[in-house]
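Submitted below is the structure of interest, expressed as structure tokens.
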Amino acid sequence: MNKVKDLEEITGYFRDNQSIMIGGFLCVGTPELLVDALVKKGVRDLTIIGNDTGYPDRGIGKLIVSGQTKKAIVSHIGTNKETGRLMNTGELEVDLVPQGTLAERIRSAGAGLGGFLTPTGVGTIVEEGKQTLTIDGKKYLLELPLKADIALLKAWKADKLGNLVYRRAARNFNPLMAFSAELVIVEAEEIVEVGELDQDEVVTPGTLVDIIVKA
Amino acid sequence: MNKVKDLEEITGYFRDNQSIMIGGFLCVGTPELLVDALVKKGVRDLTIIGNDTGYPDRGIGKLIVSGQTKKAIVSHIGTNKETGRLMNTGELEVDLVPQGTLAERIRSAGAGLGGFLTPTGVGTIVEEGKQTLTIDGKKYLLELPLKADIALLKAWKADKLGNLVYRRAARNFNPLMAFSAELVIVEAEEIVEVGELDQDEVVTPGTLVDIIVKA
Amino acid sequence: MSDRRELIVKRVAAFFNEGDLVNLGIGMPTMVANYIPPEANVMLQSENGFIGIGPSPEPGTEDKDTVNAGGIPATIIPGGACFDSATSFALIRGGHVDATVLGALEVDEAGNLANWVVPGKLVPGMGGAMDLVTGAKKVIIAMEHTTKDGSPKILKKCTLPLTAVNAVDYIVTELGVMEVTSDGILLTEIAPGVTVEEIQSKTEAKLIISDNLKTM
Amino acid sequence: MSDRRELIVKRVAAFFNEGDLVNLGIGMPTMVANYIPPEANVMLQSENGFIGIGPSPEPGTEDKDTVNAGGIPATIIPGGACFDSATSFALIRGGHVDATVLGALEVDEAGNLANWVVPGKLVPGMGGAMDLVTGAKKVIIAMEHTTKDGSPKILKKCTLPLTAVNAVDYIVTELGVMEVTSDGILLTEIAPGVTVEEIQSKTEAKLIISDNLKTM
């Protein structure tokens, strides 16, 4: 059971029309090599799920500029003007989701929940089209789980079973997405032997990880 | 801002009729000294929330045997015959909750959610009295958040700001309960200086912890 | 362990694929661990908060913080991982556990399962069982085919309070291996020396006999 | 920093209690950090995943993995803690953040806030703002009292798309400090040299003047 693969091997998993979650927050904790591989493969009509659309030349931004993205489900697009432009011309569908709701929707899918009730967005345009429930006199939006075909993640260290450790603010959405995609591919800065990570230190259990690529 | 206190000082926080969450799974990760202090104080009509009711002479079990508990919200009572006996005589109300639902209800309260949808318990007695929702043709129970007045937790190491680290299976419900009670009291095996725990290693941020007692 | 129990747990172990994450219930299911070949790289989950249950600790080497879901001293192998209870059940409910093995009081044709309330006894609580049978990809029941007094446990319709509806995938007993299908219970394997008539006579549900019935 | 901005951020910093967890928005709110006395032990949260924002790193010592929520290189102080985005927003939504400080385009008498869609500009997305103003115990708006062309920003009713309903607790501008109450906006402090008439003339909402009006 060897999960460590070369970057070239992973491109075979990419197809048109896939939904792809990508870790990172303004490119910190984003697997740039995996994104580059996706750009190179040239598959189209992708649905991209991530915190933001990065910068035009970095992170998820590259997949916006390349025109491969049909829809982006993100909390923020302000650092990539191309996203706003393509949204306005109708070439790109952008679903803006409050950051906490986005994180929780991804977690929810990975945890086998059917959805959750959040007060965030009540009385705003985020409420539009959503079911609301009132619990103990307080109104909540019913938000639904969000999953993907593939998750592209970045880790600091991975052991060969796929147990992952992250550093500082590079953790962000990565551990959540590891639960919520059919195929989980990780770009790790360092690949270590099984047993080198203490069991208490592991953030993402290796069982969730399918493929590891060396950054 | 000194969070480290003597065991004697904490008993002043205990009152009749409080709801109290207690960490641990069959007494592993249960703060035995804090439970002893609660038994000694002798407050009554408590609602106890935890994974199980431990053993008659250990963990939460002591609070059942002492007769201080009015209601127990737990997933399992099989290791403490006294719980079953008091339940049958009507002296103790026991609310049995599937373990995953219990964990998620506690997390939900701490995360400011109004509830969540779970498939667990559909078609069983757990469904009784609960609202159900069908999402994409699948039926879910709406489960509501569960919070408490006080959480009594056990940690392996605490720094003086209350940042916590756990060991092995002693983690269990402790990190969840840290989010979900008004007052969070931790029994730590070791109390270290601020800076001794790496920021990536911390599981429970110190901001959630009010009081630390040396085990 | 009796021969009939050994037959059951050996057969259950053969259900796992390489790299599977498996949760074994208390009792006979726990013994399945002894029959999983090491080269299968199967990882065992303990719902109290870790992956990687190892061999029981030598007496005197027990670690107070490392117990299994039954509260019994355990070990965690290298490559394992520890987590909190919400994460543990995110793994379980989220379909990340490939198989769970549990005992049963009753199973029925619709895959309904009753295994948490024993009639006439104190109710122990469902613990993690309801989440496990709802969330695991494969739910395998490992049990003796009938009760001690010989009454069928595989029924047309469960009579005890349910643990979950339409949750069971496979049933392994000392008499055979059965699969719960949308048409009913399909007998796919039969124990050596057992006849189809014998197993049917000990089963309330009407068994569908596989065209490809094998010896267990 | 202009004197008026300094007046605002200094006053905002005085809102915090010892040991508070505080989230500061991008822009002027970020500058509040410079006026929090170290002895207050206030911890700053960065919603991208940590508690304990420290001073900006010296040039050349930046760490690629440590940035604030604006993507700018940051440091994490000893005693800080890192976590994933779901945990970060559990802290925020769950009421564990004692105060959040943000700018605003419009605030109204009901405490409604509009600060995420600028008319005529590309929509940047709400990021974490909606969760922050919904979840934080105290929502403090730090802003200049009027728009650049002198139009009021404190209105009877917001006209722009809302960030949250009934969420704002305090408004601090270069002219005064206001509290949103169930009766409307209460002026509690006024900047030196400013008259009640002046501040009202620059405010569309009718200000309630505190019986105990202080100098800011």
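Labels A, B, C and D are assigned to the chains in the order they are written; within every chain, residues are numbered from 1.
Quick note on the criterion: a contact is a pair of C-beta atoms (placed from the backbone, for glycine too) under 8 Å apart; a residue touches a chain by one contact, two chains touch by 3 or more.
The structure presented is a predicted model; accordingly, all values stated were derived computationally and were not measured.
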At minimum, the number of touching-chain hops separating subunit B from subunit D is 1
Larger contact count among A-C and A-D belongs to A-D
Most remote chain w.r.t. Subunit C, using mean C-alpha positions, is D
Between the Cα centroids of subunit A and subunit C the separation in whole angstrom comes to 34
Per the C-alpha centroid definition, the whole-Å distance linking subunit C and subunit D comes out as 55
Note: subunit B sits from subunit A at a C-alpha centroid distance in Å of 32
Per the C-alpha centroid definition, the whole-Å distance linking subunit A and subunit D comes out as 29
For subunit B, residue numbers touching 2 or more other chains are 104, 107, 111-113, 118-119, 166-168, 171, 199-200
Contacts with two or more other chains occur in subunit C at residues 50, 76, 82-83, 86, 89, 92-93, 134-135
Among line, ring, star, complete and other, the chain touch graph is other
Checked against the stated definition, the touching pairs are A-B, A-C, A-D, B-C, B-D
The subunit C residues in contact with subunit B across the complex are 46-50, 63-67, 69-71, 74, 76, 82-86, 88-89, 92-93, 112, 122-131, 134-135, 161-166
In their shared complex, subunit A is touched by residues of subunit C numbered 18-19, 21, 41, 43, 50-52, 76, 78-83, 86, 89-96, 134-135
The subunit A residues in contact with subunit D across the complex are 25-29, 51-52, 74-79, 81, 84-85, 87-88, 96, 98-104, 106-107, 118-126, 156, 166-176, 203
The answer for subunit A against subunit B in the complex is residues 104, 108, 111-119, 133, 135, 138, 140, 142, 144, 165-168, 171, 199-201
Touching subunit D in the complex, subunit B uses residues 1, 107, 109-113, 159, 161, 163, 179, 194-195, 199-200, 202, 204-208
